[in-house]
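Multiple structures follow.
Below, chain A partners chain B and then partners chain C, in two separate complexes.
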Partner chain A sequence: MKASLNARTIIVALVVAGLLLLPVYTTLSGNMFGLTLFTRIIIYALAAASLNLIMGYGGMMSFGHAAYLGIGGYAVGILAHEGIGSGFIQWPVALAASALFALVIGALSLRTRGVYFIMITLAFAQMAYYVASGLARYGGDDGLTIYKRSDFGGLIDLSNRVQFYYLCLFCLFGGIYLIWRIVNSRFGMVVQGLRSNERRMQAIGFPVNRYKLVCFVISGTICGLAGALLANNTDFVSPAAMYWTRSGDLMVMVILGGMGSLFGPVLGTIAFLLLEEALSQFTEYWALIMGPLLLLIVLFARGGIDGMLGRARRG
Partner chain B sequence: MLLVVEQFLNGLQFGLLLFLLAAGLTLVFGIMDFVNLAHGSLYMMGAYFAATFVAWTGNFVLGCVLALGATLLLGILLEFVALRHLYNRDHLDHVLATFGLILFFNDAVRLIWGPAGLALPLPPWLTVPFQIMPGVYYPAYRLAIIVVALLVALLLYLVVMRTRIGMLIRAGASNREMIGALGINIKLLYTLVFGLGAALAGLAGLMQAPILTVQIGMGENILILAFVIIVIGGIGSIRGAFLAAIFVGMIDTLGRAFLPDLLRQVLSSAAASTAAPALSSMLIYLLMAIVLVVRPEGLFPAGRP
Partner chain C sequence: MAEPLLRVEDLVCRFGGVIATDHVSLDVNSGELHAIIGPNGAGKTTLISQLTGQLISHSGTISFAGQDITRLPAHRRSRLGLARSFQITSLLPDFTAADNVAMAAQAHDGHSFRFWGDARKEKGLRDAARSALSRVGLERRADTVVSELSHGEQRELELAVALATKPQLLLLDEPMAGLGATESAQMVKLLQELRREVTIVLVEHDMNAVFALADRITVLVYGRVIACDAPAAIRQHDEVKRAYLGDQHVVTRHD
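Now for the complex of A and B:
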């Protein structure tokens, strides 16, 4: 146990160091593509980490998590379109909108359990998708181009790739730190207790749904931040960001990395997106290999990458 | 009046088609407790098989029968090779594995048939308009879909309610451990049910094919609709799936047809024409959300197929 635990720690440490030092490598080698790719990976990793909070620790299988990516993105895009370019306004609005959406759909969805919960979260995300498609003023189906990235005064320049990369990385580590604090707090213990046995927690006297709802809202808010980052990264936001296959991608990243493990989603996202990238370099039909690979991972590698590295008692 | 009748029949036709898809899904879901996202891929494969076999044999009916058989075999093969090993895993593993299958099927189709869509031309005897009422004509093919789907629904009802296999299926839906303990060969039953579901999905796909183009990803939108239906109807309930499918088909079709005009009464013309498509697409999800909030287990909770 001790040895396998070390393997896991070493991998995580290597990944963290690698992510921190990546811009040095790309600047020296002039390989800016790597930086762009990893900026995207880091943003998705943040989204996956937020999904992991409710899925891995809270046992709430949300199949509509991409909705927050879209909402965060549209908050930035719409404000930019209306001439409000300040990040100090855009980002808080993105977070608040995501939180509000999570509050409303969480309050309704948490009445259901199991597969029904998976499906109702999906339904709400699809609704958000169709609302965005109907926003004719903001591009409708075609999406909305963002001509100027969020402006943070002189503090940080989002158009500078390296600065933007470090901002994304800062958000990812901040998000993971927050999740770590939450998971190990009394609140987090209650939420994990709910995943194990909801009835007992209720019998002990915890207001079950309120705990779940708060956890759901926190997760949605973090994912909204990822959405704001994503919109700035691509200078573009479209309804496709909320389509259900995107939610599926996020789920795959979490499960691939290992549910209920702190760094699992990061590893899962890196593996998923790098694999996608590598396979698509190799063949146009990358999904032909990716699909069966996912099947094999489910069949033979339970617990995802984190599980293979050896699981500690708690992340 | 003419338009109302036509749209009503369109809604019925779409609803019945959705029922074929949802019936297979709800059987697999209710009995094996298996979430099969790849059900939409089987629907797509049914359409592609039909387009191929019809072009190959030159006979529409023969081609469709062959396509149906091919989808059935594909479903059984899929169950046998991969999916049966997943039954005792949790739903998330199902989602991940069958999500992988969707990726696989989409690219396999792209590799075999190419990225462009296919057309499945109708034989002349199905293209004539059919007079359903004095002065009201309706495409014969859509009418044929309604008839075939109703027959299949009836057959399914008879099989599930009146035969021994059906009895086992119902028993499996209400208590899986018990029928295993009673000495029923569950593995065989599961394979059979999965094959049946695949064939139903294939049937829906090949019947829809002449109306829409046969293309990659055609199964994904409709899969979500099928999921919405079985959730509204109550997972594992065929009767629930039937009612919910008709309901959803009607809402979707009638919403698309009449909502723009309705909205124009209250909104400006421009605002209505942009809001209406989004709103009519949302209606179904809104319906599902309302049903789940009021009845978290669907309209007809399982155990009553």
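Now for the complex of A and C:
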């Protein structure tokens, strides 16, 4: 990668610096709303980044990615509800449950291609949604309140907003670093090759489905982490976290930011959620403005925000 | 003669009611350049796809280097040393030429469940890519993205990718398709060199190339083998003349 001082590098550096320094500003100004908003943005950015791994790099259009947000969240919520408050148990369970779910639905849905793949991932996520709605013991439709955030002993206090903010930011940067290493590794080359031309990859000797499935599981696991963070952020988890519109939001964040660009999903999520926040101040019909805006981006800026900042480049 | 490298027996492939490959039997000996010719729609590409495993055969057997590979998936056959080029160029369009070839080398260098190191900085893979590219004369274009290569260069890259898998048998599906006269001549020259290193099955419409290169020629018409012999004998073969050369000459004269 050539590190040139172009618009993209500058914007990304500014965003990173801004995210790192935000708590300083909110603490000094006493405006804690910004911190709450950006904690949420950062968590969604992690989820979008994980979706970008399969969608942008792997060419797998999953329309059920919000399921992992819910599964990660419910793992935390259910364990908390049952009196297991330790994050050292809750979080590994959240990751393992997401990985397992990804393994099962991936093994089934990766047999299909294109629209069928989109539809089948959507169907599985909706199934997860209805299963969660049916969990009467854990609130069913109304969702489950988490009375105590994950307990990490004396290591970190998730109830402290600044500490929690930095934990989320750490997870986001860690996730992006991981994805960066993965996409440039041998494994990542195979995954990107599959996006480019699956038949060719098979002809030169790659058992393609295995690589896709592993990529799918990695992506789901990272998104499960975002789910665990989200549940802690809202002290609440409900089936709505898995609803298909939420999966759609994640896709929009990725496309808006730029598919297959490392930092694109972060930019996309910031733009999406800030826009949603700002527009909803004006009118409750904010989606009416948001929709056409997205349409314009998809029509005229194929590479999303990242593409507008510089030549669209993958990897 | 020793056991043939590739032995095809009674191979059948149907598309609905159409028999695309009609009980084809064929031997390819180690070290030979075996051409397969036939008019459009004779089932040449279908046969190649059956051999490499993109298409599943309905009956018959394929054995390669003494092993029955009829039921093996494509990627396993590639591992055994069976490589193909595609009639319609099929590369990774948003990767560079070097990446395309390195990927092929990577496919034959153990599994790719390695998640950390930068694959583009692996010397072994890059060297393999460079040597395959220089083999086909593309070393100067190594860092060019495939979609920006000319058609002729893409055809050469197809060959380099196949070579990078270190094949025992190279199945070339119309490597000259769409090439101009100079490019075709270059490709013939390249194949002249390659044939010394690797066994080749060549499907080609360019009769000059076929007769210049082939040790043996199999003629396929409507999915059936009507002749298999040395080029000189094929030229004299009555059924071949009638079924193929005659008609086809009329057709090729159009361009």
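Here, the second predicted complex is superposed on the first by the 307 of 315 C-alpha atoms of A that agree within 3 Å, B and C clash if a C-alpha of one lies under 4 Å from a C-alpha of the other, contacts with A are read in each partner's own complex, and residues count from 1 in each chain.
Everything below uses one rule, namely that a contact is a pair of C-beta atoms (placed from the backbone, for glycine too) under 8 Å apart; a residue touches a chain by one contact, two chains touch by 3 or more.
This one's a predicted model, so the numbers in the text were calculated from it and none came from an experiment.
Undergrad: Give one word, clash or fit, describing how chain B and chain C relate on chain A after superposing.
TA: After superposition on chain A, chain B vs chain C: fit, no clash.
Undergrad: Of the partners chain B and chain C, which touch A:M253 in the superposed model: first, second, both, neither?
TA: Touch partners of A:M253: none, neither chain B nor chain C.
Undergrad: Once chain A of both complexes is superposed, is A:I179 in touch with chain B (first), chain C (second), both, or neither?
TA: Neither partner.
Undergrad: Check whether A:Y285 is in contact with chain B, with chain C, with both or with neither, and answer first, second, both or neither.
TA: First partner only.
Undergrad: Which of the two partners, first being chain B and second being chain C, lies in contact with A:C168: first, second, both, or neither?
TA: A:C168: touches no partner chain.
Undergrad: Considering only the touch criterion stated at the top, classify A:A67 as touching first (chain B), second (chain C), both, or neither.
TA: neither
Undergrad: Answer with first, second, both or neither: which of chain B and chain C does A:V298 touch in the superposed model?
TA: first
Undergrad: Is it chain B or chain C that touches the larger share of residues in chain A?
TA: Per-residue touch count on chain A favours B.
Undergrad: Please state, to the nearest 10 degrees, the angle that the Cα centres of chain B and chain C subtend at the Cα centre of chain A after superposition.
TA: 80
Undergrad: Just checking: does A:V208 make contact with chain B only, chain C only, both, or neither of them? Give me first, second, both or neither.
TA: second
Undergrad: To be precise, I mean the smallest distance between any C-alpha of chain B and any C-alpha of chain C in the superposed model; what is it in Å?
TA: Once the two complexes are overlaid, chain B and chain C approach no closer than 14 Å between C-alpha atoms.
Undergrad: Same chain A residues contacting chain B and chain C, which ones?
TA: none
Undergrad: Can you list the residues on chain A that touch chain B in the complex?
TA: Spelled out, the residues of chain A in touch with chain B are 55, 61, 63, 108-109, 111-116, 118-120, 122-124, 126-127, 130-131, 133-134, 136, 140, 244-245, 248, 251-252, 255-256, 259, 285-288, 290-295, 297-299, 302.
Undergrad: Could you please specify the touching residues of chain B with respect to chain A in the complex?
TA: Residues 29, 35, 37, 82, 85-86, 89, 91-93, 95-97, 99-108, 110-111, 220, 224, 227-228, 231, 235, 274-275, 277-279, 281-282, 285-286, 288-289, 292-293, 296-298 of chain B touch chain A in their complex.
Undergrad: In the complex, go through chain A and note every residue touching chain C.
TA: Answer in residue numbers: 181-182, 184-190, 192-193, 196-197, 199-208, 211, 214, 314.
Undergrad: Can you name the residues of chain C that touch chain A in the complex?
TA: Per the stated touch rule, the residues are 52, 54, 73-76, 78-79, 83-84, 86, 90-95, 99, 102-104, 106-108, 112-120, 122, 161, 164-165.
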